[in-house]
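The structures considered in this document are given below.
In what comes next, chain A is part of two complexes: it sits with chain B in the first one and with chain C in the second one.
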Partner chain A sequence: MKGTNASITSNKNKGVWHSMKKNYAAYLFLLPKLTLFIVFIAIPVVWAFILSFQEYQIIGGNEWAGLSNYLSVFESEAFKKALLNTTIYTAVTVPFNVITALIAASLIHSLGRFAQGFFRAAFYLPTVASMVIIAMVWRWMYNYEFGLFNYVIGWFGFEPLNWLGQSNTALWAIIIMQMLIPFGVGIILYLASMSSISESLYEAATIDGANALQKWVKITVPMLKPSTVYLVLLSTIGSFQVFTQIILMTGGGPGYATETIVHLIYKTGFRDFEFGLAAAQSVVLFFIILVISILQYRALRHDE
Partner chain B sequence: MKGKMTKILALFIMVVLIGVLAACNDDSSNTNEDGEWTGKITIWDGPRWAQEGDDSGEDGEGNKYFWIEEKIEEFEAEHEGVEIELVQVPWAELPDKLGVNIAGQSWPDIAPVDISGSAVSIEHIEQGVIESVDEYFTEEELADFYDNALEAYTHEGSLYGVPNSVTVHSMLLNLDLFEEAGVTPPENGEWTWEEFVDTAEQLTFDRDGDGETDVYGFSTYILDGYYEAWPFFYMDGGQPLSDDLSEFTFDSPEAVEAIQKLADLKLEQEVAPVSMGGADVGGTFQAWADEEQRTVAMQPWATWAITSAQTAYPTNFMVANYPTGSTGEPGTIGGVGGWTMFHQEEEGKKEVVAEFIKHISNADEQYRMASEYGVFPALESAADMDPYADNPEMARAQEMSDQVINLPSHPEWKKIDEVIQRELQLVFNGEKTAEEAMADAKPEVEELLD
Partner chain C sequence: MRKFSIKKTLIVSLLLLFSIVSLLPLYWVFSTSLQLSSYQDDDLERTTSYVNANPPKMYPMGIPEYFEHWGKAREAEKNDDLEQATYHRDMMSYIVEDTFSGFKRLFSQNSMGMWFFNSLYIGIVVTVGVLLFDSMAGYVLAKKRFPGRNIIFWLIISTMMIPSQVTLVPMFIMVRDLGLMDTHWALILPDLSMVFGVFLMRQFMYSIPDELIEAAKIDGASEWRTYWSIVLPLAKPGLAALGIFTFMNVWNSFLWPIIVLNSANLYTLPVGLKTLQDANLADFKLLMSGAAIAAIPMIIVFLIFQRHFVKGLTLGGVKE
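Right, the complex of A and B next:
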């Protein structure tokens, strides 16, 4: 039996090698990309994982630290606050952005060709604009003395708010900003998916007497489910990595009101030079995102 | 076919290997006929000032690296075989960029940083990233430096850098707003806390009669690594850590009261805008200096703001001390700039690097930097040349050099600073009292001190 297993493995290896030889040109073309992936992604990821069990030394070898970096992560009040803030940020922005992208795409899809092109470009524009510029503009809009938001709420008789300076408003100010920036990628993807939904489904529904809303709920939304799953996963991963807005608009303050995980990792690594601890924080973030993504994927694909 | 594939693969691997080896190959160095080291030195520097009349460059501001380029050229001419590469780094990017390079062990040979923690810290000294320059200075040469300048680069009795400039924080008073409100500025820029509060109250006014305050007496900001507000916290005798750095002392009554008094300028007296105590550095400065705003009459700033108010934002202003509290003595926080040498493998190169640092830090260069760039010299002999004969504001700020209180020199200062400043932000937005905030900071800080 042992001999038979060895023979199967050997045949398999031969098969792989034979396939590689047969398709050598394809492998050759893949080699540069694969090399870049190994050098710039795979090795750093593995190295970060190893580093998370070490105490980083700039000169001289790193020292093994066992699980102490992970213990520090779970005991850290700053990490707990950052995790809570990041979770709130994600829990609010992801559903809102995906739903509004779906609604916007549905409205745009019913327009004429020229109008569709215009709105596609308009809604996609913030995606290509630098988050640095967007954050600077929004910081101005949140300014207490002459910002647009206080000007607008003033019309309704409200007192001006110190949007980014108060613990109870700062995180929400960042969340509102993210909610009001159109989710360009989502809109484009939904529009592309809508084009591929068969017209015959809508025709059949019309014959059955369905109105526009019923058609949207019963046909469009279910048919777009694969896109929705993809967008929810994509934006959840992106939201858990929120950084630029934080460093530019609040620096994580006041207090730790807007501290997020990636901002904390950045500070731990590049301000405190505790790369072992920063690597442990990164690994924890990786597993959080992984678990949430798996749960979301399973929940959303449940009935398929 | 197999042979062809093997050849192509071998060629690819060779190209990759050559690339990797070329990248890993350090700059070659050698010695010349006289036995002196030859090779390449890398220096980082930020933009300083442009020559008069130079409006080159995309922004028309001229070449602000000409001074260091000139010094490099001189040095290379005197040292055959030595090549100095200048890496131009905007000041705002320098700490982060240096941090990344230190992490990757690809630091420059020389960089214009101090060891207080903004870019490099005592921890780097302890890890061997920063070289001591003790052996390159005689007692006589060291005696020419101001004590506080040397102190800022000294750790456990060794010198880890060459000071080339000193800065202080001072109060900047917009005299146009004083005139508009009919307020007399403090005589010689000296005042007590009570006089300061009284002045701030008079300078807070409704300009257009709509019932809203248009101009505030005072404002500042609170942010990790920035200390404009801190001299106020010291004025009644408070200090963040005990002298032996073993205890957190910002929870003492004298510190807590001073912090609360400053926060109350906004929270109680309403002579400061709501944005006071926020983290917006640029916005705070614009409120004082920008011609279209000028909504705040008095702000504390480091020395660069004096130069800015004389050039980029022409302002009619005067320099004043921080007000005195119960100690009766004015105080300020200072900063010391200079050149730091990073870890060197070769003794010969280390000597040449030290020589170049001395070449760009001598009295003549410090005098030039003081008169052109708006910093105070770290050498007494350079100050004796009177670089501010035609600049009374800078001369007044320089007088404050002897009021400087140094921040605690602790390896964990960056983290301690963050804990304190985060709590201070909550005091200034009224979420905690100073007493509560400092009581909350205490256990966190003391854990870092242990």
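Right, the complex of A and C next:
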């Protein structure tokens, strides 16, 4: 950056030493964070990879297990089901939430200052509450006998269902809940990006006779693309880590109907204490997220 | 003009409908927490629970019942019917007591107060630490040139992509071997090492003019003094945003705390709420009272610092 790094790297060792000594204060400033980072992030990350190739015994040493943990991960029915459930959950909720956030933000943007502030708060407020709270209240709302949800869908002629207790509805109950939680971050980011789109673009389109919808499709949506890419990546990553709702609302059940990857990691590691296997599962999760992020980034960035 | 206002009405009503859906669960937390849980009719024959009611009661029934008894008590007093008046007065105080009984049981039969305090102090300790350490690191990474700067920065940033679940197992072993299991250190230390703030602070510090820092140096200020009295005050908006997000993350953090905490008096609020639910699966008045207590502080923080939330989100997001 700005050529300074190039000159540092091209210097001889002596120059580096001199520069390090001269800048000792910079290293002192970095010391607390760097120490914490190394101990509680860098080492555990490397260790997780090592553990995934080991058979971990609580007493006694660790034995190398080669790829056997990974083989058990991919052979296990539970993991396959967890991967499938997590994928369905992500594939439905992420596009839905990003698109509704875009529409909501576009509608809000057309309003005056006061109304903008009100709706922005109304949509962001539920997201500051912990998922623990949201999951607890939705478990109550999905109650078969007294739940609000069955009551409300009754207005539209639907029969009451034991949403969380049946294996054919439990995953959908979790999905519907996620769809009805507003994507507050998305709405706020979209609103911020919309206000930076130049007015002259819209003026030019108006002169060309474009209507509101055409302007939205041809100007607003393409101009918001960087935000869309970011939001899709952000919510996909978050979605693949879904856990709190699962442990508080279904415990992964009935059967494996709502098992997700992180809930399975939790069970494997901290209920069954199979550390090697849990580490392998989490490494697999990491690569899944990495690959999906790269693919999404490329796909969404393709035409630019 | 007319067409315009119809369009606007449509937009506003659509958004209002959407916000009702979005706010309904939070409303339901508060409504259930204050719902009458057992209520006797005037003939004393039937005890009703308005919590478990089908169809559900849409607001705390104590409110209309209270005023009904109040009216009847007034009437009885007017007619000098002392027995009736006392009965209705007693019912009024019973209704108040029952309405808030969920909260009372949380504090008397469970350690809600302790959980609240634990969450609060851990949140504050972590937030202060993160603000200090991350702004120090962000400052030198943005403004100083020294060997290894880029390597350190990219090393830190590259781990932001790694899902935190990857480190669960090694961290568990480490915390156990360090003897920190079932202590608050097991929460505080890992939370202090989160790297997002370094990235945010570095972005923010870039916008501080170099001239100011140079001027302080020429005036003979030490590195620490320059950071403390020139850089930090200029970074206040960034610090506010980072502080709020750190506090919110710690306050809501769940997966790691349920793994490392075992003693009820050490629980944070989310962990306490989970054990509360495990022990009282169908007592929704109690559960919603707990949820309400956990939700209130974040709602207040949000309403006061709304501006900083927006700022933090847009800072952390796309800046292209």
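The rule we apply is simple: the second predicted complex is superposed on the first by the 271 of 304 C-alpha atoms of A that agree within 3 Å, B and C clash if a C-alpha of one lies under 4 Å from a C-alpha of the other, contacts with A are read in each partner's own complex, and residues count from 1 in each chain.
Criterion: contacts are C-beta pairs under 8 Å (C-beta built on N, C-alpha and C of every residue); 3 or more make two chains touch, one makes a residue touch a chain.
If you're wondering where the values come from, they're calculated on a predicted model, not measured in any experiment.
With the C-alpha superposition on chain A as described, chain C and chain B clash in the combined arrangement.
When the shared chain is aligned, chain B and chain C each come close enough to touch A:269. Judged by the touch definition given at the top, the superposed model places A:145 against both chain B and chain C.
Once the two structures are superposed, chain B and chain C can be ranked by residues of chain A touched, with C on top. In the superposition on chain A, A:21 makes contact with chain B only, not with chain C.
Once the two complexes are laid over each other on the shared chain, residue contacts for A:37 go to chain C alone; chain B is not touched. Using the contact criterion defined above for the overlaid structures, shared-chain residue A:254 touches chain B, although it does not reach chain C. By the document's definition of touching, of the two partners only chain C reaches A:29; chain B does not. When the shared chain is aligned, chain B comes close enough to touch A:162, but chain C does not. Judged by the touch definition given at the top, the superposed model places A:134 against chain C, while chain B stays out of reach.
In the superposition on chain A, A:110 contacts chain C only, with no contact to chain B. Once the two complexes are overlaid on chain A, the chain A residues touched by chain B in the first and by chain C in the second are 139, 143, 145, 269-270, 275.
Across the complex, chain A meets chain B through its residues 21, 24, 28, 31, 35, 57-60, 139, 143-145, 160, 162, 164-167, 250-251, 253-256, 269-273, 275. Only residues 8, 11-12, 14-15, 18-19, 21-26, 28-29, 32, 51-56, 132-134, 136-137, 139-141, 144-150, 152, 155-156, 159, 161-174, 189-190, 192-193, 195, 198, 223-224, 227, 248, 251-252, 254-255, 258-259, 269-270, 273-274, 277, 284, 287-288, 290-291, 294-295, 298-299, 301-303, 306, 309-310, 313-314, 317-318, 320 of chain C touch chain A when the two sit together in their complex. On the chain A side of its complex with chain C, the touching residues are 1, 4-5, 8, 16, 19-20, 23, 25-27, 29-30, 32-34, 36-37, 39-45, 47-48, 51, 104, 107-108, 110-111, 115, 119-126, 128-134, 136-141, 143, 145-148, 151, 180-182, 185, 188-189, 192-193, 226-227, 230, 237, 240-241, 243-244, 247-248, 262, 265-266, 269-270, 275, 278-279, 282-283, 285-286, 289-290, 293.
Interface of chain B with chain A (complex): residues 1-2, 5, 8-9, 12, 16, 96, 99-100, 102-103, 105, 123-124, 127-129, 223-224, 273-275, 277-280, 283, 287, 295, 343, 414-415, 422-423, 425-426, 429, 431.
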